[in-house]
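Two complexes, one shared chain (subunit A), two partners (subunit B, subunit C).
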Partner chain A sequence: MSEKKLHPAIICRCLDRTQEDMIGAFHMMIDFLGIDGADINAFRRFSWGTTGFCQGRGCLALMQRIYVNEMRKLDVRISPDELKYKARSPAQPVPLGIFAKNNLEEV
Partner chain B sequence: MSVDRRIWEHPVLTWDRGEPVKFTFDGKGVVAYKNETIAAALYAAGIMSFTQSSILHRPRGPFCMIGKCSQCLMRVNGIPHVRTCITPVEEGMVVETENPHESEFPTPVSSLEVERKTLSYDVIIVGAGPAGLSAAISAAKAGAKVAVLDQSPYPGGQLVKQTHKFFGTKESHAGTRGVDIADVLLSEVRDHENVDLYPMAQAVGYYAPEGMLTAVRTDGVNRYTLLMMKGRRYIVATGAMERTLAFPGNDLPGVMGAGAAQTLMNVFGIRPADEVLIIGAGNVGVIIAYQAAQAGIKVKAVIDILPKTGAYLVHAAKIRRMRMPILLRHTIKAVYGDGKVESAEIYEVDENFRPVPGSEKEIRVDGIWLAVGLTPSVEMLEKFGARMKFVPELGGYVPYRTQYLETSAPGVYVAGDASGIEEASTAIMEGRIAGTSAASSLGLGGDELEEERRQAMEWLDLFRESPDYKRIKQGIQKVLMGERV
Partner chain C sequence: MKVLVIGSGTIGTSVSQELADKGVDVEIYDAKYLGYGATSRSLSVFSVQQRDRRLVKLALESVELAKELDRRLKEEANFPIGIFGERCPHVSVAFTERDYEILRDYSEVWRSEGIDVKDVSPGEVKEELLPWVDENSFYRALVTYDDYKAFTFPFTLGRVGLMRMKGGKVYKYREIKDFDTGGGRIKAAVMEDGHKADADVFVVAGGAKSREIAKKLDDPVKPIRVTTAGGFCTEPYKYLFKPVITVESKGYRLTQTLRNEFAAVVYDMGIDNPSYDIEESLRLLERIATVTVKLFPSFAYINVLRQWGAYLDYTDDGLPIVGWSRKYENLYYIYGFNNYGFSIGTAVAARAAVEIADGRRDQFLEDFRPYRE
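Moving on, here comes the complex of A and B:
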């Protein structure tokens, strides 16, 4: 099987982030923010995970696991209980024009 | 049209596909049927790769088929990023793959027609699955003015693809196929004049300062209605999303959620693959293995990392009798293929879930279906400001709730899988509890309403007495709040 091409393991399909990307982003976050500033929302910003079209429906569970595992390697025990995250509107991909006014007079 | 993956003979199901319609896909003509969505019609024509990913240029195909993942987005009549899995085909539609590397700034070929509506209801329900529809019926019976929003063109939630008969008791429609339960609930909803059903309406946000729920309804080609809705009570019944696993090749077209495959097979009558590997031998895994065999698909193996199947005996026994290989203590190593799934490599694990050396096996398949659990869809609850907790027993983040299913956000209720992963029958009961509670908190209904709620709660308590439910019950205890005064 060695001649076969090994594909990456994709964590975030929307923004094309692989497992390696996620772990790389985690370490970059630790470098910049330190362990204290490295909460799940920071991890989302550094890794782009949960910020694509699906709004984390596909990747949040996998991302949490990476976050908790990598923190554990740094001797920080995170209970997923405490992971807080925010959902943003619009929760679905809809044309922005729907919310727009037709001309300046309408504003 | 050389490829037709539609199932024309099936032991249990028949499909009302409707009249043939023609549309174009990347300039080529495709013949579809009126009752199909774009994604289903393309799959039927043998097209598995729907988009190219934005950075790695990888081909992707739909993963969920119910409007939750983002792998089926295409440009439809010039509108970019349309979820093709929940958009019905129309005569003359122009469907194009989005190639983010070649595309210029998206310019719609025609302008949007947008109607704006401001509406008020007593109870607004997001999600028209078993929980949402049941909640609507209960609230409507008490005289509340109810709106039910659903993003899919076909209300009924995931009941519409359940072709097996349900367990439980008469009250929970036991012995009836899920798809028939959906019909019963829908016709009951339609009997109530005080319920407005909004299919193809996606709830996009809730704005607390204005107390306004916004939803976008698709009315046709480039036509939308922006619904700005004020509800005195809200019920969130948004269901759940299938999980995925991290393994090399997990994004190849042909790797999909088991529920997605079920949608293609049972709702649209389309064979998603010819030979499959199913990952997860729980209830979903074994039920879908059986349904795949009914659809004429060869199940090469059903694998599960655990030493024991978590499925109900009746379902597991069915596929055992068909001599389908169920490989326990096995998991997936990688999926290979050029542009689509061609083979999978699996291996055995020991009691500590470590790989057993030399146990790797390669299986030639063109489909990988993941039945590895669900995560509650709680974005709308988060928008309402409900306090959440991560409860592994319930599948992920779930809201705190009272015994009447009111969340920590006053006037916002939760029901069904969004409150924790359970079953369709419990979703129906939870829907009744949320629906009756929302109505009664508005001062509607009388003793009958109280009685309905009492019965639903009693039924749930009894159902959850089952030993299979021990874990879920423990999970619910973690997020149960005392009743608000």
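Moving on, here comes the complex of A and C:
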């Protein structure tokens, strides 16, 4: 086994995905959607990066970098605009009970 | 024959894949990324709990077609994960006697199509299906056993893969802004940058935004109501929570997804959403949290990881809009899927593809035509 595999670069700590996993997912996305259908959102969905506990707080920049690099290898230049990704609230995990009202009539 | 499909939601991708299977040359254009609209914000349960017999029939038909799609994706496209889950109980909860009466009326519709419906007390729900539920929190429930959970993105993007294997094309971030028309036909779809795409047939599968397209074309199709919806998901837990829970009176649905997260949605806040807003909102979160914690008090401790907003296209008679335009002979509409685009979309799309490709009229779709009163 190569050095690289013994010490893989972890991209997504939440779901334990390595750089190789992510690149594999990138190519699966390209196979399925083609370059014209692929984008950063589809990459998230094929790789599950940014969808774990951290919701991208830990991995988004790394995911974007992989996306740009792999696209470049396919001769596609990615503009920052195409990397747009909407971070959703809450900013960190919040227990559901905090949002619950006492009465159903209030909601 | 070349067909241009506007919209890559579950409906647009389904029609496109069915057309590609028939040897039609298909291109999908989406204004945003693939599956952007209601589709990527959905709970995507295939449910037989519909309010109309025709919809229940289509829901049953969709399940069979989706199982076949699941098989094809694995066998023909080497898709690594399943897109369709196992059969699961669907518990429709009535908080009050009045809710119960309304639900009982709906359940007559389900029964009339041969669906097995159980009318159960809160104690029975707790004992047989949901040990987490507070049996004092609701009045009664109706349970069916013919629903399925789908895997939202793989379901939609997998279809794109199958379509592309047959030569279909798909373009993201290409909004159709206008049309070249003449002689009662659409000649080309026009994009923001002036780029034009021609085709023999144009299919409008733009979800709620289809109404903007019809408006642009000055085509007097049946109006739709666009409402606010949305949802949230939690961190993943061991998969133990199989049933789908619906509280129709609150437009609320909850289940543990095939990704093991709990996801809960409101599919109708009863608020109009004319600007197609997808921002998350506290009001929506409060409704979902309140209903969830009322039914399952221990869920107050589950962490919410992400919430989202959505818009949905409702029709006043509760039926979708499917069929040829009267104004432009090569324009076909397929939208207005209320809160059941996944439940019946697969069957409707398959039937629509036959109408589009073979020019035959499907009797079953006659009640869904775009100009009905």
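By definition in this document, the second predicted complex is superposed on the first by the 92 of 107 C-alpha atoms of A that agree within 3 Å, B and C clash if a C-alpha of one lies under 4 Å from a C-alpha of the other, contacts with A are read in each partner's own complex, and residues count from 1 in each chain.
By definition in this document, a contact is a pair of C-beta atoms (placed from the backbone, for glycine too) under 8 Å apart; a residue touches a chain by one contact, two chains touch by 3 or more.
From a predicted model like this one, the values you see are computed outputs, not experimental measurements.
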| item | value |
| --- | --- |
| Which superposed partner A:41 touches (first subunit B, second subunit C, both, neither) | second |
| First, second, both or neither for A:78, with subunit B first and subunit C second | neither |
| Touching partner for A:32 - first (subunit B), second (subunit C), both, neither | second |
| Of subunit B and subunit C, the chain that contacts the larger number of subunit A residues | B |
| Contacts of A:23 with subunit B and subunit C, given as first, second, both or neither | neither |
| Contacts of A:99 with subunit B and subunit C, given as first, second, both or neither | both |
| Which superposed partner A:6 touches (first subunit B, second subunit C, both, neither) | first |
| Touching partner for A:68 - first (subunit B), second (subunit C), both, neither | neither |
| Touched partner set for A:90, first subunit B, second subunit C, both or neither | both |
| Residues of subunit A contacting subunit B in one complex and subunit C in the other | 53, 55, 89-90, 93-95, 97-99 |
| Subunit C contact footprint on subunit A (complex, rising order) | 28, 31-34, 36-39, 41-42, 45-46, 53, 55, 82, 88-90, 93-101, 103-104, 106-107 |
| Contact footprint of subunit A on subunit C as seen in their complex | 33-34, 36, 77, 80, 95, 153, 157-158, 160-161, 164, 169-173, 234-235, 250, 280, 282-283, 285-294, 299-308 |
| Interfacial residue positions of subunit A with respect to subunit B in the complex | 1, 4-11, 13-16, 18-19, 52-58, 60-62, 64, 79-81, 83, 85-87, 89-95, 97-99 |
| Complex contacts: residues of subunit B adjacent to subunit A | 53-56, 58, 60, 63-64, 67-71, 73, 79, 81, 83, 108, 111-112, 114, 151, 202-207, 214, 216, 224, 226, 241, 243-252, 334-336, 338, 345, 360, 362, 375, 377-380, 382-383, 389-390, 392, 396-397 |
